[in-house]
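Same chain, two partners: chain A is paired with chain B first, then with chain C.
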Partner chain A sequence: MSDNASVRRPGALLQRRRTEAAGWLFVSPAVLLFLIFVAGPFVFAIVLAFLKWDLLTSPEFAGLANFERLFTDPLLPRVLLNTFVFAFASIVTHLVFGLLLALAVNQVVSRVLGYFARVAIFFPFLISWAAVALLWKYVLDPTFGYVSQYAAMIGIDLPNFFTDPAWAMPAIIFIDLWHTLGFTFIIMLAGLQTVPAELIEAARTDGATSGQIFWNVTLPLMSPTMFFATIITFIGAFQIFDPIQIITKGGPQDATTTIIMYLYEKGFQAFDMGYAAAVAILVFVIIMGVTILQFVGRRKWVYES
Partner chain B sequence: MRKTIRRITAIAAAAVTATLVMTGCTADGGGGGATGSPDSGELNFVYMGDADQQKAFNALFAEFNKEYPDIKLKAVGIPSGNWATFSTTVATRLAGGQKIDIIQVATEGQRLFASKGILEDLAPYMEQDQDVVDDYFSDINPNLVKFNEEFASGPDGETVFIPGGFNTMAMYVNKNVFEAAGVPLPENGDWTWDEFVAAGKQIKEKTGAYLTGAGPSYFGDVMPWLTTNGASTFNADWSEPTYNTAAAVEAAEFARSLVEMGLAPEPGGQFDGNTAFKQGKLATLNGGRWPVLGVRDLDMVDDTVVVNWPTNTGHGSPVGWDAWNITKNSQNKQAAWTFIKFLMSKEAGEYFASIGGTIVPARESVASSAAFTDNAPEGTVRLSEAMSWATPIPSIDQGAEAQKAIEEAWGTIIAGQGDAQETLDAAQAKLESLVGE
Partner chain C sequence: MSDDVLTRIDAAPRRHGRRRPAVAVLVDVVLVVFGVLMLSPLVWLIVQSFTEPEFAFADPPSWLPIPFTAQNFVDVFEYMPFFQQFGNSLLLAVISTGGSLLFSVLAAYAFARIDFRGSRILLVVMLSALMVPAQLVIIPIFIMMRQLGLIDTLTALWLPALINVFQIFFLSQYFRTIPRELDEAARIDGAGHFWILFRMLIPLSGPAIAALAILGFEASWNGYFGPLIFLSSPENMTLPLGLVTLQNGFGAAPAVVVFAAITMVVVPLLVAFLAFQRQIVESVASTGLKG
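Our next item is the complex of A and B:
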């Protein structure tokens, strides 16, 4: 009714157009940035996947050849397996330790100690990946690193983490956990603080034990937060690159070559931009597919009031 | 609503088109760049240099501008860890539409850039300044001229690079550690693998110091051990890999034995070699000219001597050299040639050497002069002498991938994670597939 009335008023249409234009102007910086840095490169990557291009000479049309290679590339299955192993381990460790730390910090009575704990746990997340990677390379150096030196003092002979194919991926998973756990922790802590205290009080009044309260009240109410953490941890983990490039360069024996590392190697070391773009599209499809699956599966475990 | 969608689609299409145009789809030279004036214009010069080296480069550029104030030199240092990465970065920038007039390319990237037809034939420029060129070429090691012709010519054999300074590999020996262990310094700078091991054992026993570092660096570790055992990663014209020959396997096993004997620290982490050298925990630093900056910073110039790499079958060292070119896209080719002429001059060579350049000057007269040997360890001239027995670092077009395969295999062996023969066989197969591409 009011809409019709406004249309009938003289100058109302002009006014509405002005309001619309103002709206577009306000969002235009974000839209422009999105077009230049997200949509543009995305379309470009799709075009690139149909080309054979080495960066230095003119591109040639390659049809579906780059996509066919995805099915015949002997290294790709190994690379995908590495990536999924890393992503799965990353989700599990981040969720478990993030939640445990959040629960522990939430129990701290002293305000000062609570703030200190939050800052201390979150702090590694603020350090750049380059610094973190180099730091751990020094710390875990098999000869001069203090971890191996202290371990040797108590008679423990540690493996050579970055050159042993069996240990390189666990070492990267651990370093990633150390660096990014603070972020998951903060999310979990925020989620924990949204759990209504009266529900916990009511459960306690009804005689529920701490374990029962955790499993039947806290955890279900935390499930939307955990769902969110699962999605962003998976997306982040699937795109892991920096620590691997700096610490192991994908080695030893391809034990830590993940899909983004592989994409980088194909595009910027082998100058095979077309195939790299096809791999990038594969990454997009996998992340989108897994995220859709997560959304479908959430009905089974996410409590939504 | 439909109108709005149409409008958004139109904006998106325009933006995508603009992005593609802005980023440029190809760096294909195609020629056609303007010649310009030799005394003025804007030049974009790309070189590899980290923060330390850039200080020296900037001083050199300032020196050039004193003579040619109307040539605006925009020098961009790319702090890549290795030349393969540098080549990749430059290629990416060219693909992104960046205007570059001169690229300082090392051996690892020369064949790649030369083969793509994006570099100008330098013959006309050389002819116009034949006296300058003759003076320069008569003062550089004939091997350098030969290598430049063999490995860095254009698709039709044209000269697209002028060779510049180079690096070979040697060892910087900590005299204090050797003295404390009662080990004599290698006579005339020469020693064998056996003598090297014997020295290392005595040093370890008397001082606890490590003899050397162990790493998988293609130039710094792999090639020195291979070439001093008569092996290499590829044959003479780089057409076939030779990474699994008996001599190569023996060299890799020897490098591993240094770790097993405790003469080199276990690879796989990171430690500060310079600090360990200063503290007397490391008896040697390996390198070309570049460790001299660290030795100076540690105030250890007088406590250090440069010796040749230990040998098994004979002298050996890899060599990689810088080279300068003019891109076909350059809008100021004459000014670019003016800058290259400046880089070829004795004055520039001496100036760069004296202010902390991390290469051996191409001109032998400069490499043996005080500009290069002052404030440098005794025996520094051996870096220049090594050119006579050096092997150009094999660098096929798929350089970064080849380097990864080579270093990965070497790293596996020296870490004791794989049998030398089997690991090098696997790397050989990978290299064969790259050559075949």
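Our next item is the complex of A and C:
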């Protein structure tokens, strides 16, 4: 339509060209950077997955060998299981505690208590994983940490969390909850504010109990927020790396080796670049697949007004 | 999500005058206990870092720094170039955040306000990159930086951080909420694109830009994966990597010194958080971005 108009008026044609030029001029720095640091590396990563390259000798074409390894690697099933266990536990604990705490803080009347609770719950989220992981390594230490010390006082003998294969993963899940709960909490609190107070008042006037109001009014209206929190938590949890690299290095006995930890070992410690790229592509496919599945399943449990 | 979340959080219904049921009081008590438990590792951290080494990590746990000392903090500087690493972190965060915001603002303006051919497809292509995990592209970027001889430099970290697709998307959405009539009016008065963007749209987008700046700064300041694979010498490291190296490198520092170093990172952060609590919480709530 605009093209027809520009044919009729020469001034408009010039104007049109100037608009085109201005548009591309404004996006050009971003597009250039995007090509160099996102699109280019993405294509290069796919090419890399077909190569055998240790960065020291020259790369060799490996065909599908790296992808075949994904299916024959004896460690990979364990690594994927660890990652899914962590992601699942992370979603459940964050959503349940995040929602409960948001509900609790939402009903607080005292300004001081509201401020204290928000700061206490949210602040750990801002601390770097490096500081958090180092701190918790000591907090849960069997001799130096106060958790085991207090437990011993009441007669409970806690395990050495990070050297016990059965306890290392639960410990990481717990530390992650402490660190990122504040994020889920804030998202939930923001979601709760969108639940109209009139609706709750109306239900109360009609004689609904607090439990009924929660299950039939608040929860359905919160489901879009919970859906969003589930997706974000899954994507973040599936890529968990920092605390594992810092505290357990994937041990003991691979009990905490998650997929990104594995990718790091293959790519940046063994310099097995081709296989690391194949693992990275697997991560991409899984995250995309699960996210699509969640959107498909959305209709089943997310309430839309 | 709307941008006045926190205002409404603060203005949560206050039911003064009505007697609160016992359950509500119980919930308050649970919150107090929960809050204390959440903060206890941080209190313990600060207490130990001010305690003389042979009395720290005592059993039963001590919650007061007795006997008190500040020596642990002095010792930090023997084991790590703290200020150098602090400077590196700051430089990295400022360049990454400032640079990416500048390019994002320009691109967002084009996507929101200039009807140029191919803009839709371009935006869709760029947005689809949000699904790509950072670790997928970091492998080729690592190889690229190695070829360029940029390993063990901050440049290897801030250069790829200059492009931030989420910022472009978020800002272009925000710009779209500002009435276009304002542009037209300014244009009639002879204003060009740059004037409209920098003198009008950006000042009108304060909360959005502040939110992105806070989150960008936080992500860069706390980042670990990038520094871990790119940086190797202590004088080039950022604080998170410096802290971790402090306790597992050659000549690892005593635990109290590690604790003092963590305190030196956490306490300024706490002060900054208390000062800008509203803006920080708001930025997380409005963008829903995880650090």
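The rule is short, and it goes like this: the second predicted complex is superposed on the first by the 270 of 305 C-alpha atoms of A that agree within 3 Å, B and C clash if a C-alpha of one lies under 4 Å from a C-alpha of the other, contacts with A are read in each partner's own complex, and residues count from 1 in each chain.
In this section, a contact is a pair of C-beta atoms (placed from the backbone, for glycine too) under 8 Å apart; a residue touches a chain by one contact, two chains touch by 3 or more.
All figures in this text were calculated on a predicted structure; none of them were measured in a lab.
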Just from the overlay, do chain B and chain C fit on chain A, or is there a clash? clash
Looking at the overlay, does A:143 come into contact with chain B only (first), chain C only (second), both, or neither? both
Partner chain(s) touched by A:177 [first = chain B, second = chain C, both, neither]: neither
Which holds for A:251: it touches chain B only (first), chain C only (second), both, or neither? first
Touch check for A:208: first (chain B), second (chain C), both, or neither? neither
State whether A:85 touches chain B only (first), chain C only (second), both chains, or neither. neither
Name the contact category of A:271: first (chain B only), second (chain C only), both, or neither. first
Would you sort A:56 into first (chain B), second (chain C), both or neither based on which partner it touches? first
With the two complexes superposed on chain A, say which partner A:187 touches: chain B (first), chain C (second), both, or neither. second
Of chain B and chain C, which one touches more residues of chain A? C
First (chain B), second (chain C), both or neither: which does A:228 touch? second
Tell me which region of chain C runs into chain B after superposition, given the options 145-153, 199-207 or 217-225. 145-153
State which residues of chain A lie in both footprints, the one left by chain B and the one left by chain C. 31, 39-41, 44, 55, 134, 138, 143-145, 268
As the complex stands, chain B meets chain A at residues 11-12, 15-16, 18-20, 23, 25-28, 84, 88, 91-92, 94-95, 112-113, 116-118, 265-271, 276, 398, 400-401, 404, 408, 411-412, 415, 417-418
Contact footprint of chain C on chain A as seen in their complex: 19-20, 22-27, 29-31, 33-34, 37-42, 44-45, 48, 55, 101, 104-110, 113-114, 116-131, 133-136, 138-139, 143-146, 149-150, 153, 178, 180, 183, 186-187, 189-190, 193, 197, 210, 228, 232, 236, 239, 241-242, 245-246, 260, 263-264, 267-268, 273, 276-277, 280-281, 283-284, 287-288, 291
Residue set of chain A touching chain B in the complex reads 31-32, 35-36, 39-41, 43-44, 53-59, 134, 137-138, 140-145, 160-165, 249-253, 265, 268-271
Could you list, by residue number, the parts of chain C that touch chain A in their complex? 1, 5, 8-9, 12-16, 20, 23-24, 27-28, 30-32, 34-36, 38-42, 44-45, 57, 59-61, 103-104, 106-107, 109-111, 114-117, 119, 122, 125-126, 129, 131-144, 146, 159-160, 162-163, 165, 168, 193, 218, 221-222, 224-225, 228-229, 239-241, 243-244, 247, 255, 258-259, 262, 265-266, 269-270, 273-274, 277, 280-281, 284-285, 288, 290-291
